[in-house]
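Notes follow the structure.
Letters are used for the chains, namely A, B and C, taken in the order the chains are written, and counting of residues starts over at 1 for each.
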Amino acid sequence: MKTLRQRYIRDRIMVSLLIISTIIVLLPLLIIIFYVFVNGISALSWDFFTQELGSPGRAMQGRPTGLVHTIIGTLVVDSLALIFAVPIGIGAGIMLSEFPDHRLNPTLRVMNDTLNGMPAVLKGLLAFVLIVKPMGTFSGIAGGVALAFVMLPIVARSTESALMSIPWSIREAGLAIGLPRWRVINSTIIPAARFGLVTGMLIAFARAAGEAAPLLFTSFGNNYLSNHWTGMIFGPVDTLPQRLYSLAISPYSHWHEMGWAAAIVLLGFVIFSFLVARIATRQKFYT
Amino acid sequence: MEPDIVRENNTLKQTTTEHNKSFTDESEIRMQTRNLSVHYGSAIGVQDVTLPVYNNKVTALIGPSGCGKTTYLRALNRMHDLTRGTIVSGEVLLDGKNIYDPSIDPVIIRRRVGMVFQKPTPFPTMSIFDNVVAGLKLVGIRNKNLLNDVNERALRQAALFDEVKDRLDKPATSLSGGQQQRLSIARALAVEPEVLLMDEPTSSLDPQSTNRIEELIHTLKEQVTIIIVTHNMQQAGRVSDQTAFFYVGNLVETGETKTIFTNPKESRTEDYISGRFG
Amino acid sequence: MGVYVRQKQLTKKFLSQPPSILYRWLGDKIFAAVIVVVGISIIALAFSMALVLFGEGSQAIYKFGFFGFLTGSTWDPSVQLKFGALPFLLGTAITSVGALMLSFFPAIAIAIFTAEYAPLWLSRIIDNLINLIAAVPSVVVGIWGIFVFAPWMRDTAYMPVYQWTSEHFPSLLPVLGNPIGYGMSTATIVLALMIVPFTTALTRDAINRVPVAQREAAWALGATRWEVIRLGVLPYARGGILAGSILSFGRAIGETMAVAMLIGNKNTLPFSIMGPAATMPSVIINEFREAVENIHLSSLMAVGFILFVISLIINIFAAYLSRKFSISGGQSI
């Protein structure tokens, strides 16, 4: 027989344990963000946004270096990835939500989840074999494809849930007056779900933008800014996550500092996308 | 089914003749609310309800849905403590003591005032036996014999023992809906509450199971004081001694069930009972 | 509400000038065809991943034999050109299992604390923090690990432990390994930190799916807060929690960059607790760009194929678990 007092003591002990574990885990995670901010901000400079990296010697001799080519390259590769992933992802989402009785539907769901669960590094290997090998060179387009593989299943699933949130009766109302199915989907369902769709894209984008592993063997990296924009698409191009990795494992202390700067820019970029996604979601309730 | 109903009507007749004189004069008040109001944020759930509940009697709370019956019921064992932003004011007296007094522990109150919900709520991962004695195991009772005794007593009280005695170690979810609801009642009875709150206990059940539970209420009131929320006026008429009619958060009228059903004072009560609205 | 207005306008327009049957029929056919092609392309992508990885890795798998490759403990890309994936299999297994064990209880604790105990404002803050932390890219965690965490661990934990052991139990030193800071234990701890937000989010979802009735039933029995969690919440949510932690385990297995930056990268067995090691993703990251020999590339692809198969099994297992343990409405199990 336990007294009420004993039961409350047990309750208190459990709460304390829960609070302690919460702190133990949250603290180091906050420390990570804190270090990135402190070291990153002190390493940021005007040069960082206007100069290209060049050889290690350039930094050691004190000449201005920066990651302008990396930032531009990231925007190019990420945009390419969005261009590849969004139409296909939304199409697959429409299949998942609007054609529940289609024969392909269950298979597509399983395969999409499988793809989503695969480590990003394998998606990089796939893009290497499918794009880099036939082209014979590392390229921005291969990096875009690799990141698109990361985005695709996320876009598909979020499109599905955004479309599913539109009541089924609206579709039936459209079909009942003899509207063709594709008009119902294109003209009423998709516009109604637009904020959900945008949120899904942004989340997929934020997830992919932080990935370094698929880019290492697709867009490869480049210490210089290409002379022509085609070089960014058809030749090796620098991206923030991959450059951050290279800088961090390099033996040069100048580059380590630049790595912190790259880290805060990348983190800011990713968190910004998430915040915009959150705001877009909230917007949904006001329309 | 036919014989059941006949038998039940007979019992009802007997009870009513037994209590032909108003029981409110002679019975002891077990629980009562004084000016009880419940607010959700700015919305009012229940306003200013003063209602006595008599010992070993069944009190039925009736009224259209959304009129605060359930809200009122949940105030009686402090279930509102768990909903953020709900404010309870006024007094709920259990044996003369206010259960909302700061010195009173809601955990003790909930042991003395048990509750059965609309839908059966067996703990899905536990056996039938473990479900029944869950409340006892909480307080650390491990004595096998004692648990067995309590298990049998509670299941018998809930008229379930004969149906499940051979499969006490089976999962509670293997029972039918009606059996699960009686299991929930047995679990509430196992800790020997003084008052049992029932929130539309038959609303998710078929007529036959409903019948069994109504019979059960009849026999149970020998041991516990019962307050039951029901949508079903016939049910209120069949099982209760006292009826309270709620309308938009207010207690419109209360009195002996017989009187309320045959000779209500308020016109709204009469309209509701005669089926003109609700 | 915009939907209904739009629908009304469309209806009006449509009724005033109904399009031909051909237009409707053809439109639907074309639309469905496009969608089907898109769907097939995703299915094809998933299959091509398996095929490509196996195809590219087949040279190594044929040369060393499937089980020979799995159990071979020599990975020598420079002299013998002999490849076996055992070190990386072990490295991945040890780091991920370790990370799961380290993170399991704290991650669930956060979920329980925010869902059941914390006041609303605090649980909102913690939830948002967890979401924020989940968004931090792996490389960013990696750079913190390289320059802050690993040196700190070396100075405050590894060196003292190493010195103490060398004085008292010198025979244990090989098990402990080199206290350089970059190695198995550092990678495991960081990995554990990285999967916490994931496990917490999935656990939180599982807890939020517990019906209110279950909680209230426990409350009504006169349970204290912790007893309600034990009686009404955790049993109901256990399937979701289990499936969630399996998925987190899958995450840990595939986690690449931070591990590659912190594990020290040593391709030969035996591994030690504090000393360097390698995992399947880390060896791919570290060697793929520099691999010149065909058999080396093929071996890395074969490692990728094994990683694919393991991830596949884990995902299927998690899906199976969440289906097996899902409890519908308290009526059946």
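Everything below uses one rule, namely that a contact is a pair of C-beta atoms (placed from the backbone, for glycine too) under 8 Å apart; a residue touches a chain by one contact, two chains touch by 3 or more.
Not measured: the values here are computed from a predicted model.
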Longest centre-to-centre distance from chain A, chain (CA-based): B
Chain closest to the middle [Cα centroid of all protein chains]: C
Winner on C-beta contact pairs when A-B is weighed against B-C: B-C
Computed distance of Cα centres, chain C from chain A, in Å: 16
Approximate Å spacing (C-alpha centroids) for the pair chain A, chain B: 54
Whole-Å separation of chain centres (CA-atom averages), chain B against chain C: 49
Residue list for chain C, restricted to those that touch at least two other chains: 224, 227
Junction residues of chain B, two or more chains touched: 107-108, 138
For chain A, residues that touch 2 or more chains besides their own: 7
Chain C-touching residues of chain A, taken from the complex the two chains share: 7-8, 10-11, 14-15, 17-19, 21-22, 24-26, 28-33, 35-36, 39, 87-88, 91-92, 94-95, 98-99, 102, 104-105, 107-108, 111-115, 117-123, 125-126, 129-130, 149, 152-153, 156, 166, 170, 173-174, 177-183, 185-188, 191-192, 206, 209-213, 216-217, 220, 241, 244-245, 248-249, 256, 259-260, 263, 266-267, 270-271, 274, 287
Footprint of chain A on chain B - complex, ascending: 105, 107-108, 138-141
Chain C residues within the chain B interface of the complex: 120, 213-224, 227, 231-232, 235-236, 238, 327, 329-333
Partner chain A, residues of chain C touching it in the complex: 1-4, 6-7, 10-11, 14-15, 18-19, 23-25, 27-28, 30-32, 34-36, 38-43, 45-49, 52-53, 56, 103, 105-107, 109-110, 112-114, 117, 126, 129, 131-133, 135-144, 146-148, 193, 196-197, 224-227, 229, 247, 250, 253-257, 261, 281, 284-285, 288-289, 301, 304, 307-308, 311-312, 314-315, 319
Of all residues in chain A, those that touch chain B in their complex: 1-2, 4, 6-7
